[in-house]
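Worksheet for the structure shown next.
Labels run A, B and C following the written order; every chain starts at residue 1.
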Amino acid sequence: MKRSILKNSNRFRFGNLVILAVIALVIASCGQPKKSNEKTGNISIDGSSTVYPISEAVAEEYLALNPKVRVTVGESGTGGGFKKFGRGEIDINDASRAIKQGEIEACEANNIKFIELLIAYDGMAIVVNPNNTWATDITVAELKKLWEPAAQGKITKWNQVRTTWPDKEIHLYGAGTASGTFDYFTEAIMGEAKSCRGDYTASEDDNVLVQGVASDDLALGFFGLSYFENNKDKLKLVAVNDENPENGDGAILPTLETVKDKTYAPLSRPLFIYVNSTAAEKEVIQDFVTFYLEQAPALVKEVGYIPLEDNEIAAGKAVWADFVKAHAVIK
Amino acid sequence: MNNSTKNRLTDKAFQYFGIFNTFLGLIMLAVFIFVILQVGLQRLDWDFLTSLPSRFPEKAGIYTALIGTFWMLLLTIIFSVTLGVSAGIYLEEYAKKGWFSKLLEINISNLVGVPSVIYGILGLAFFNRYLGLGGSLLAGSLTLSLLIIPVIIMTTRESLKAVPKTIKEGAYALGATRWQTIWKQLLPAASGSIVTGVILALARAIGEAAPLIVVGALVYVPFIPHTPMDDYTLLPIQIFNWTSRPQPEFQVNASAGIIVLLFLTFLLNGISIYLRNKWQKKVKW
Amino acid sequence: MRRPKEKLIEKLLAASGWLTILTTLGILVILVYESGQFFADVSVWEFLTGTEWTPLFSKKEFGILPLLTATLLTSVIALLVALPVGLTIAIYLNEYSNRKFRSTVKPMLEVLASVPTVVYGFFALTIITPFLQSFIPGLAGFNSISPGIVMGIMIIPMISSLSEDALFAVPKSLRDASYGMGATRFQTVFRVLIPSAASGIIVSVILAVSRAIGETMIVAIAAGQQPNFTLNPLVPVETITTYIVQVSLGDVPRDSLEYRTIFAAGMVLFIITFIMNNISLWLKRKYHRQYE
């Protein structure tokens, strides 16, 4: 009887393969030794999916110059991001609305000081499918009728919003509840933050919403202007009429001008980043945020939002410089 | 037409219908793969494999996702093979047969059928939150290991069962202890089959996305992991992210990523089939 | 000398053996504990019979029916595709084709089951949906028919393989008797073999449906994220599995009611698949004994 069936049994060959794989991985993960003046460190960013394209662009440009820095950018939504921010889990929160009182208190409870930096303006876009021939404009009152909590399960057809519109189902796509876009939209249209019907396709990922509206003739959705600008060929903008003649007559489309001069109302809004004071003590964060403020005007435009005026940009840089001085750690 | 002819015709018709159905699924898969190749092959180049993710689809690559997948595979092999094969050996060779071992068998069969998201939930609550491992490679690989261990246990037991009793009895007769018999006779004999099963389980594991998203894998990770405690992303998750982006250029990227993922999956499956055939030829009882 | 080492090794192996029990216990404990806390705030009745699922919104509704109908809808569509095709394949391989054909084709079919589900999701969204949209008016970009069809393709091997085993197990005597009376293969299959193998075929169906119910990525990519209490396959819906992933992608603070919805939903999913898997295990044992 043979002692061992296989001399070089498959098992031991397998084991050798594993050892080889480990060595390969270690080599691949090592990289070259650090140069002394290269920046290193971790930067964790999370928050608004509206602001995400800006932060992603800045992070990418920064990485091109400082490849050893590790930047992660999440998309948990403005609210989700603030929760992490309040726990000190992230350095920077992208926000498509201002921080709320409850969130400020949460930061204070954990001894977190922060700074709010304005980086861009956004005109929240109301979009429909390009095959939609009837909805070219909509009033704020109609938007309210369509999206308020009382509409849940009841307002399900286009002609229930405006009688001249077709007797067809309306499919809604919008931001999810952790999203700043959601907070801002509900506050602006319903008058009360978070007050909204729940029976629509809700996602913190605006790309999902774009896909939804682009592939559904009967769809209507809302998200940051950037997502419209980057998918112009698949979507159609709906002009918004705030029924306030002092603020621009009739229904207005969101453009660079109308968002800047606030005639596109009430859906024009500021976009922010919030930086944690403890994070600001780190040199890499100081460098990154300074870079962010410098690059923002160009990248914001590239991504599809509205950049700040020159005086606003200068003011922001000054505020940041002061904050850094106040929290910089003497090395 | 009389009944007899009708019956014969029905029979013949069904024969063709049968062939049609047999190939229907495969033809659809072939069509899918053809479309994927058409769309994605152009994007597949060295650049794509070594670039970090980017907001520009032309620049975005799968480097971090690939390294993440390899890391995940490695860690999962370590955990799942040691624990799974050990458990399989124990249950097959040591555990006393009785109502308890019957219960264990039913338990394992059940675990194989539990949806993968549930394992994700388990990993989230236990590895991520309770043990504080966060969304790290370690938490992910432990979760993934739990997912495939039941399958590995079943494969190990089947492989051990297939070794003729004579080998075992012969060893005992010569005075070998239980462990000596297992380590020197049974395992080497069953190893080919065990390895085949393990590789098949791993081929399935690299395609898993849902449980790892639940446990905390990130989507935008522009750096490669250096330790098991690092954040990571994986090939299927990167593909999922690109699929959700409406721009057609990202669909191209998703296709290219799918080509790589399918290549890896089929490679692993192919290796296991090759090994199985080789082993079957070598061993003659 | 050898005894202690043997004992140690046995203990170590036993520890691994207990792992499976711990896994099951872990799943049960976590699901039950968190669901229990969830049901302290939400009544079980409301959960099981409510038709609106809006746990994250200001007007919170916790009815799981929309998620259940979506899961059911996609799985039934998958079965409508996989059962006829899978069963026909099983019949053909068993009664009509020869040995060689069978042994070459069977592994090829397994390929269908080994494709990663993200890939199938991509197919559903980018190939099947546009194709269907070209001749079904009003088909939304996210719907349940597209992922249903693709899931069906994925589970074909499960049905064909297990049904084929069931057909193979029918005693030769029954077959011979049928052919002896002059029946065609078609008649033999449909009048003798399938009725005899019925329980085995049912086992394959239950397992395949269980797999479809637990599937996540295909529906997450192609079915949509809108909880919709409907049986209309042309509109966006959200399955239990998609909801779990959706909440995990966002951020939900731990120990909140919203966080616990993951576990309540997971619990329902687990119970359904657990019941189905065990019914099929019991059926399998029953019909195995029939022919022994």
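We take it that a residue touches a chain if its C-beta (ideal position, glycine included) is under 8 Å from a C-beta of that chain, and two chains touch if they have at least 3 such contacts.
All values reported here derive from a predicted model rather than from experimental measurement.
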Between B-C and A-C, the pair joined by more C-beta contacts: B-C
Relative to chain B, chain with the most remote C-alpha centre: A
Between chain A and chain C, centroid-to-centroid distance (C-alpha), Å: 35
Centre distance in Å when chain B and chain C are each reduced to the mean of their C-alpha atoms: 17
Interface hub residues of chain B, defined as touching at least two other chains: 219, 244
Shared interface positions of chain A, touching two or more other chains: 74-75, 205, 208, 211, 214
Touching two or more other chains - residues of chain C: 249
Chain C residues touching chain B - in the complex, by the definition given at the top: 2, 5-6, 9-10, 12-14, 16-17, 19-21, 23-24, 26-27, 30-31, 34, 84-85, 88-89, 91-93, 96-97, 105, 107-109, 111-112, 114-119, 121-123, 125-127, 153, 156-157, 183-187, 207, 210-211, 213-217, 220-221, 241, 244-245, 248-249, 254, 262-263, 266, 269-270, 273-274, 276-278, 281
Contact footprint of chain A on chain B as seen in their complex: 52, 54-55, 67, 70-71, 74, 77-78, 167, 170, 184-185, 187-189, 191-192, 194-195, 218-226, 231, 244-247, 275, 279, 282-283
Sites on chain B touched by chain C in the complex: 7-8, 10-11, 14-15, 17-19, 21-22, 24-26, 28-29, 31-32, 35-36, 82-84, 86-87, 89-91, 94-95, 104, 106-111, 113-122, 124-126, 129, 146, 149-150, 153, 177-179, 203-204, 206-210, 213-214, 216, 219, 236, 239-240, 243-244, 251, 254-255, 258, 261-262, 265-266, 269, 273
For the chain C and chain A complex, residues of the former touching the latter: 52-54, 56-61, 129, 133, 138, 140-142, 224-228, 235-236, 246, 249-253
Residue numbers on chain A that touch chain C, as the complex places them: 46, 74-77, 80-81, 83-84, 149, 152-153, 169, 171-172, 176-178, 194-205, 208, 211-212, 214-219
